[in-house]
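Down below are the structures I want you to see.
One chain, chain A, links the two complexes that follow: it is found with chain B in the first and with chain C in the second.
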Partner chain A sequence: MDTYINKIRELSLKLLKKKEVVKVIGFTKGTLPMATSPIAISLEQDVEKLIFNSTCGLNLANYIRNHKGKIAVIAKGCDSRNIITHIVENQIPREQLHIIGVPCKGMIDKTKVASLFDDDIIEFSEDNDTLLLKSSSKEERLNKQDYLRENCKLCMHKNPVIYDDLVGDLVDEQTLDTPYPDVEQIENMDADTKWQHFDKLTKNCIRCYACRNACPICYCPTCFVDESGPQWVGKGQDKTDVNTFHFLRAFHCAGRCTDCGACVEACPMDINVRDFTRKLNKDSFELFEWEAGLDLTKRPPLDAYSPNDPNDFIK
Partner chain B sequence: MGNLLEHMGIERDRVHFSWISSAEATKFVDVVKEISEKVRALGPNKKLVKDYN
Partner chain C sequence: MKFITIDKKDWAKGIEKSRKTYQLFGPVKDKNGFFIKSLGKDMLPDMDYHDSVMSVKSVLFPQTENILTTTLDEAQEDHHIMKRAVTDYSPRAVLGIRPYDAKAIELVKLNFDTDDYKDPYWCDAYEATTFVGLGLNKPGPFDFSSSTGSGPFNEEGLDVLLADLDDKYLAKVLTDKGEAFIKACGFDLIADDKESQALFDILRKEAEKNIVSKISTDKLKEKTILEIHEAPFWDDIAFSCINCGTCTFVCPTCWCFDIQDETKRKASTRIRNWDTCMSPLFTKHATGHNPRDTKTQRVRQRFMHKLKYFFDKYDQGIMCVGCGRCVKSCPVNIDIREVCNMMNSYEKQE
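So, the complex of A and B:
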């Protein structure tokens, strides 16, 4: 990871020095151990603030809109796919971006790691595949592969799809025979069990909209939940409203979601929001042979018409 | 959308998609009849219903 960080800083410094970009969007140390937050830097001396490790689970494509001048952005595989989606959806021209690609080795599930401790983690560091964690009562050495996020375990696009620079050698991509085991598990339930599953899933939702705000494709100027005329969905904690919010937000992401996991990363209640979006990813793949953010020349399937579109649902 | 509703546990037969021209009165009747029968067979829907009381 240190080689990544050094390379990120070196490339950023070069870009800022030559005035090729006005700012660099990357990750910086957060206020807690195991936390990183997005940062935009424009001063040369600030490049030291940039870091990269296995806790950079947010998606930086979310922060590339509405800038003046050319910007550089650090992009893992999923970030790069969302950058493509942004370009395709006319949110930013390709020429305004300098993409610093990071071949990703997966991000860690912070909740899973934290669950090993009864008290707060006060120190986090990593050395290749080993995670070192310290709380006031104990120390743990963990194998990173055992603590990868669910979406990273199933990731088939670890390398950036589009980039101007790379900070390291490309990593090996995995191919999976069953890329959607979690979706299949739910599909095999009967209707009532499915309903109970989702009811239980969203039980603790506090409607903070962190999932929406962290999501790079949730960029509508006014989200449907914030509309008041008409008010599409109630704003309180009513179960039906909560489920409607999650259902509709997921559907707005159909064919655009890259399963980057930013929604789950941001959720303060540890709700696996991906249970909704993954179904649509699977459908997009099976019905339209489509994976979001791989091609600059194609529009998302629900955004384009083709005579070959499946239409057997219309009677 | 139907697929996602079904995934969440809303029975498939409750959601219907049709394209009916304003000149196709008989098709409209047929479709509505078919939908009514399917939904009647399922009974009242208790999912995704807001309780205002």
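So, the complex of A and C:
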């Protein structure tokens, strides 16, 4: 990771010095051991604040809208796919972006790591594939591969799809025979079990909307749950309203979600929001051979009309 | 002041006994940590917990609460006349809450129970509730409660404070409500006042030694609102914010709410829900104008309210008890400790 960090700082410094960009959007060290925070760097002396490690789980494509001037952004595989989605959906022109690509080796599941401890983790560091963690009662040395986030384990686009610079050599991509084992498991449930599964999933939801707000494709100026004329959804803790939010948000993401995992990363209640979105990703893949954010020239399948559509109903 | 010794072997029996008079709430483990929940039959509070994901505020101020109801059926004489919703205000006891959460209730009380306005829902719930605290022997690394006027053995807002002494609890009875609860449990082993207080003092000092996280608030009062409001750091603090409501919802002192009317067939209910100043909708006017339209304005508002406006208005310190929940839950790690220190040390450049 240190070589990545050095390269990120070097490239950022160069871009700022030559005034090719007005700011660089990346990650900085947080105040907690496994926390990092998105940051915008506009001064040359501040590039030292930029870091990169296995806890940079948020998606920086969520931070590239509404800037003046050209900006640089640090992009993992998934961030780059959401940048493509942003460009295709006219949220930012390609020319306004300088993409510093990071071949990603996966992000860690912080909840899973934290669950090994009864008390708070006070130190975190990593050395290649080894994670070192310390609380006031114990220390753990973990193999990073055992603690990858679920979406990272299933990721087939670790390398940035689009970039202007790279901070390291491209990594090997995996191909999976069954890329959606989790969705299949839910599909195989009977209706009642399925319902219980989703009910249990949202049980502790406090409707803070961290999932939605961390999501790079949830950029609607007014989300349907915030609309008041007409009001589509109740705002309280009624189960139906809570579930309606999650179901509808997932459908709005159909064919656009890159499974970056930012929603799960952001959720303070550890809700596996991906259980909602992944089914739509699978359907897009099976029905339209579509994976979001791979092609600058194609609009998402539910946003495109084609006379050659294979489905009969459209003819 | 009265001290009672409770053998842990007798704890469960006493708690069971109290159910004749009280509905009980206490820490319960759920899938992502502990929550203060209503304790159903056969449920005991998990007194070995360290801290809870959500604070105790929901016992008095539920995230969603029915406040008024009416019928739209015009055949009924009282149709369209709002009446107070039926809520059970029989005695409640919340067990094992941490002292910083009790202090938070006292801060919230400054808003809901004033000479001019009394929020009937909150006040009735408060009146009905007995707060049984549990001193925190080993505060966590992100607990900064001792620099907010609270602390691991702070008694403010509590009716009883328990100290965990391995095989027993030592209970310090602080109010009449507390006395009534202890009596309802049948705990009657009186401990020596002087020795017990000395023990509490030792425990408090030991616990405070564990607190490594601190903030400075000493200069907040002397600065003008405009001085801090116009400080140059707000855009940087706000950049990473995604404007979710996590910080405000996990906060034990955030009290803002929104009113909604919901109708199902002929039954109409007026509901109040927690609201969050992080959401643009919080201040959006019916005209479409939003006086707090930008992320920076909203982030600044939250910190200014907690650390400056509240301080100035009530002169009771800051509206933060140092529980560290928002620090740990924030998806982008915006840290109130850092922001507070920035505000406190800010000097305007001439």
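The rule we apply is simple: the second predicted complex is superposed on the first by the 306 of 315 C-alpha atoms of A that agree within 3 Å, B and C clash if a C-alpha of one lies under 4 Å from a C-alpha of the other, contacts with A are read in each partner's own complex, and residues count from 1 in each chain.
Definition applied: a residue touches a chain if its C-beta (ideal position, glycine included) is under 8 Å from a C-beta of that chain, and two chains touch if they have at least 3 such contacts.
It should be emphasised that the depicted structure is a prediction, and the values quoted were computed from it without experimental measurement.
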item: First, second, both or neither for A:95, with chain B first and chain C second; value: neither
item: Touched partner set for A:289, first chain B, second chain C, both or neither; value: neither
item: Partner chain(s) touched by A:193 [first = chain B, second = chain C, both, neither]; value: first
item: Partner chain(s) touched by A:207 [first = chain B, second = chain C, both, neither]; value: second
item: First, second, both or neither for A:31, with chain B first and chain C second; value: second
item: First (chain B), second (chain C), both or neither touched by A:238; value: both
item: Most chain A residues touched (candidates chain B, chain C); value: C
item: Which superposed partner A:247 touches (first chain B, second chain C, both, neither); value: first
item: Residues of chain A contacting chain B in one complex and chain C in the other; value: 234, 238
item: Residue ranges of chain C touching chain A (in the complex, touch as defined); value: 30-32, 35, 50, 53-54, 62-64, 138, 140-142, 239-240, 242-246, 249-250, 258, 260, 262, 271, 273, 276, 279-281, 327-329, 331-335, 337-338
item: Interfacial residue positions of chain A with respect to chain B in the complex; value: 183, 186-187, 189, 191-198, 234, 238, 240-241, 243-244, 247, 250-251, 254, 276, 279-280, 283, 313-315
item: Interface residues, chain A side, partner chain C - complex; value: 30-32, 35-40, 58, 62-63, 111, 118-120, 122, 136, 203-204, 206-210, 212-214, 226, 228, 234-238, 265-270
item: Residues of chain B defined as touching chain A within the complex; value: 1-11, 16-19, 31, 34, 47-51
